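A, B, C and D are the chain letters, set down in written order, and residue numbers restart from 1 in every chain.
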Amino acid sequence: MITKEVISPPGAPNETFVINLGPQHPATHGVLRVKIVMDGEYVVRAEPICGYIHRMQEKMGENRTYAQFLPNTSRIDYLSAMTYTHGFVGAVERAAKLQVPPRAEYIRVITSEMNRISSHLVWWGAFLLDLGGFTPLLYAFDDREKILDLLEAITGSRLTYSYYRIGGLYNDVDDDFIKGTREFIAQMRPRLKMYRSLVTDNIILRKRLIEIGPISKEMCRKYGATGPVIRGSGIPYDVRKVEPYSAYPEFDFLVPTCEEGDSMARYLVRMEEMVQSLRIIEQALDKLPSGPVMAEKVPRVLKLPAGDYCYAVEAARGRFAVRIVSDNKEIPYRVKLRTPSLSNLSLFEEASAGMLLPDALALMGSLDLVIPDIDR
Amino acid sequence: MEPAPTPPPSPALPNALAHLPIPFQAVDYAAKGYHLDATVNPDQVVDVVSLLDKEGLALDTITGVDWMAQGQMEVVYDFFHLSKALRVVVRTRVPRDNPEVPTIQKVFPGANWHERETHDFFGIRFLGHPNLTPFLLPEDATFHPLRKDFVS
Amino acid sequence: MEAPPDNAQLLSDCSPYVKFAKLDEMLALGRANSLWPLTFGLACCAIEMMAAGASRFDLSRFGAEVFRPSPRQADLMIVAGTINKKMATAVKTLYDQMPEPKWVIAMGNCAISGGPFVFPGQYAVVEGVEKLFPVDVFIPGCPPRPEALIEGLLKLEEKLTGKRRWPVVKSE
Amino acid sequence: MKNSLKEIFTGFNSLVTGMRITLGEFFKPIVTVQYPHESLKMPKRFRGHIELVRDPETGKAICFACKLCERACPSDCITVEGAKLDGAKKKSVTEYKLDFTKCSLCGSCVEACRDNAIRYTHQYNLASTNREDFIMDLFKRMEDDAKANPMPETPKPEVAPQPPANEAPKAEQPQPAAPAQPN
């Protein structure tokens, strides 16, 4: 392995320079800007600069009713819009003490997990694009389109679904959706095997990822990193297991973890998560109860009792938590959105110090960032 | 890669941190979404957070709430446990015209960005913070949009 | 000796095999079918832009798949997402760096008018990319489907060449 | 030495695997939709911009300008005006403006409407060189439609949540439909 000592031995003159990555750069997946102090090819200090897509989501929470804020939740992290809506409606339902019918909870689980797969597929394609492989993107988007077709048929939209409602769902699913989802599961399993032999076992990928960008357990805890990042460091933290919500306790699934903590570990965790999501969807389809999809007696004008309420969900990137502070009006007093990408990226400065620049970008890709999720 | 055995979902533990000298109040998780709630003075924040750090809790988020009617700003620190269902909220209140809290950046380095964001939105100053510059707002921003009296 | 055929006759005789055009028209046709967009995703719409470039919708059928990371090599800017005030200067710089001739597509409601993020008293969002530089084609939607982006490219071709070579799709 | 030989072998193996998969994909059916020549069929629930629904009996708009949709809209993109016509009991709509450039297609308006007076269109490929095209006058649009075909077809019942039993077992996934009409 090439270490820093080989290129600039101790005692050599220390010459650093600054390069500016972004806000428009293909490797930053959007409008993240990173100011990097370099010593030759090595990163001395990489400071992410955020806010280039700050969209006032929390301010908007304070000037519209709970129902009117729902479309915004799909646009915080547009790749896993379902889970984010789930977090918000969950908080409101908890505060209003609404009982969501079991069928609605099951469909929420099914759609959230499908959304998680589609999100991981985008990450997979884009991450490999960062590393220099173009073809996987085409395979990933091909499979993703199947999920989007299914979700579009029931929600009417491809990306920003606004499908969940306070107290239930906007619409029930039909038999075609159930049939189509079963077909999709049957198609997806061999595709994941194909991904494994095409990409995961590829020696070039392994050389690019193994031992690159290790993140320790302690670092995850200190920075509050969650999702595949913390599971890639060997801590089996998953909101679905630790603080079970919705219908998740009724399903049998594993939380994949990897001890190594390097970029490959995070890669493997996400690949295994797709398998587990397929398992959850299959079980949910088998046990799907019948009944209504909307709670009875959802008030038309919703006022939450004063106080503050939290609700956390496991989004594709980690723990997404909503805190609503209410003062017994139609409009929330304060909406705080705790997003996983912000915490996951905040450790980048510490983790990337001393790495080669292309490895630092591999590390950044393995964190799976969605920039509007950081900036909100 | 072997998926690790998942931890069994442990029941809510209202007294899990009872041995700590922190004035915790147990909260009904089903109704509120967190287990323990403590209100402390601003100068106690660093000590309290250090104790929680030793217990192995992870930093969830830091945020503010502007209570304009009371003339106060509230700073809310959220923590979660990595294996137990245990969510802890620590709050502190500072006067609205001079909102100053010591930083917990030395205990939890991840607090850096959360504190910068809270400073952006509310103008709460975190004493001892190494780099309290605008984070989400433009570099030259001097306004604090989530204050209740903000007009653009 | 036979009289040489007149030009009009000659033209109509060989029209099935040879097309004559003015140089301008040929240039316009060439430009319209080899647009090189700037790799420039801002938000949600960028994912639909990626989907349009991927296998199912395949922008390369219209010669527009060469996404260039550098503005110096691009002649089409697809503004896909919300522009906020911190980003506005960067977007303007990118536009200025693109060589002439250049075109702009505003994809999605945020790029057209600020979209759902506009409310009275908002402090961060630029209300439409038109406030920064001229826009050629508008594609509404939140986000628009990939077909709409293709339709936008065809509209741009129509604008450049003055006619439409592709069939018009009426949605029911 | 042994390691590098092993790496060469694994590298060669990776190459062969990749080539084999590529070759396999080569013989699979094409996934690309040749868009302007053929197009996907939008699902029934597809959310395009909204339009006014006409009463199948009278041919007039159902909407009576109660402004529920205007109030439900999170982005203020709907403006409704109504007036009482001579001899009518209820108000009727006289102006319905939709600023589609602000719309987030969330569907709040359609859900807020108690009389199913608005519905989604299936306009999925809008694009124009003129921004004003998307500040739509839906009332005029409906009047034009009324002139073209005086009696509307029975509207599709796809607004309210309904149990799956009532749903017609029709293919809802977008599938390549018949080729589009060349212009």
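To be clear about the criterion, a contact is a pair of C-beta atoms (placed from the backbone, for glycine too) under 8 Å apart; a residue touches a chain by one contact, two chains touch by 3 or more.
Everything quoted here is computed from the prediction, not taken from an experiment.
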item: Between A-D and B-C, the pair with more C-beta contacts; value: A-D
item: Centroid distance [mean C-alpha coordinates] between chain C and chain B, Å; value: 47
item: Between chain A and chain D, centroid-to-centroid distance (C-alpha), Å; value: 27
item: Computed distance of Cα centres, chain B from chain A, in Å; value: 22
item: Between chain D and chain B, distance of the C-alpha-averaged centres to the nearest whole Å; value: 43
item: Shared-contact residues (touching 2 or more other chains) in chain C; value: 55-56, 86, 116, 119, 121-124, 142, 145
item: Chain D: positions in contact with at least two other chains; value: 31, 74, 104-106
item: Shared-contact residues (touching 2 or more other chains) in chain B; value: 137-138, 145
item: Listing of all chain pairs that touch each other, if any do; value: A-B, A-C, A-D, B-C, C-D
item: Interface residues, chain A side, partner chain C - complex; value: 23-26, 29-31, 51-56, 59-60, 63-64, 71-72, 75, 78-79, 122, 125-126, 137-138, 141-142, 144-145, 148, 158-160, 371-372
item: Contact footprint of chain A on chain B as seen in their complex; value: 1, 3-7, 9, 30-34, 56, 58-61, 63, 65-66, 76, 78, 80-85, 87, 89, 108-110, 112-114, 121, 134-138, 145-146
item: Contacting residues of chain C [partner chain B, same complex]; value: 85-86, 121-124
item: For the chain D and chain C complex, residues of the former touching the latter; value: 31-37, 39-40, 42, 48-49, 74-76, 99-106, 121-131, 133-134, 180-183
item: Chain C contact footprint on chain B (complex, rising order); value: 137-139, 143, 145, 150-152
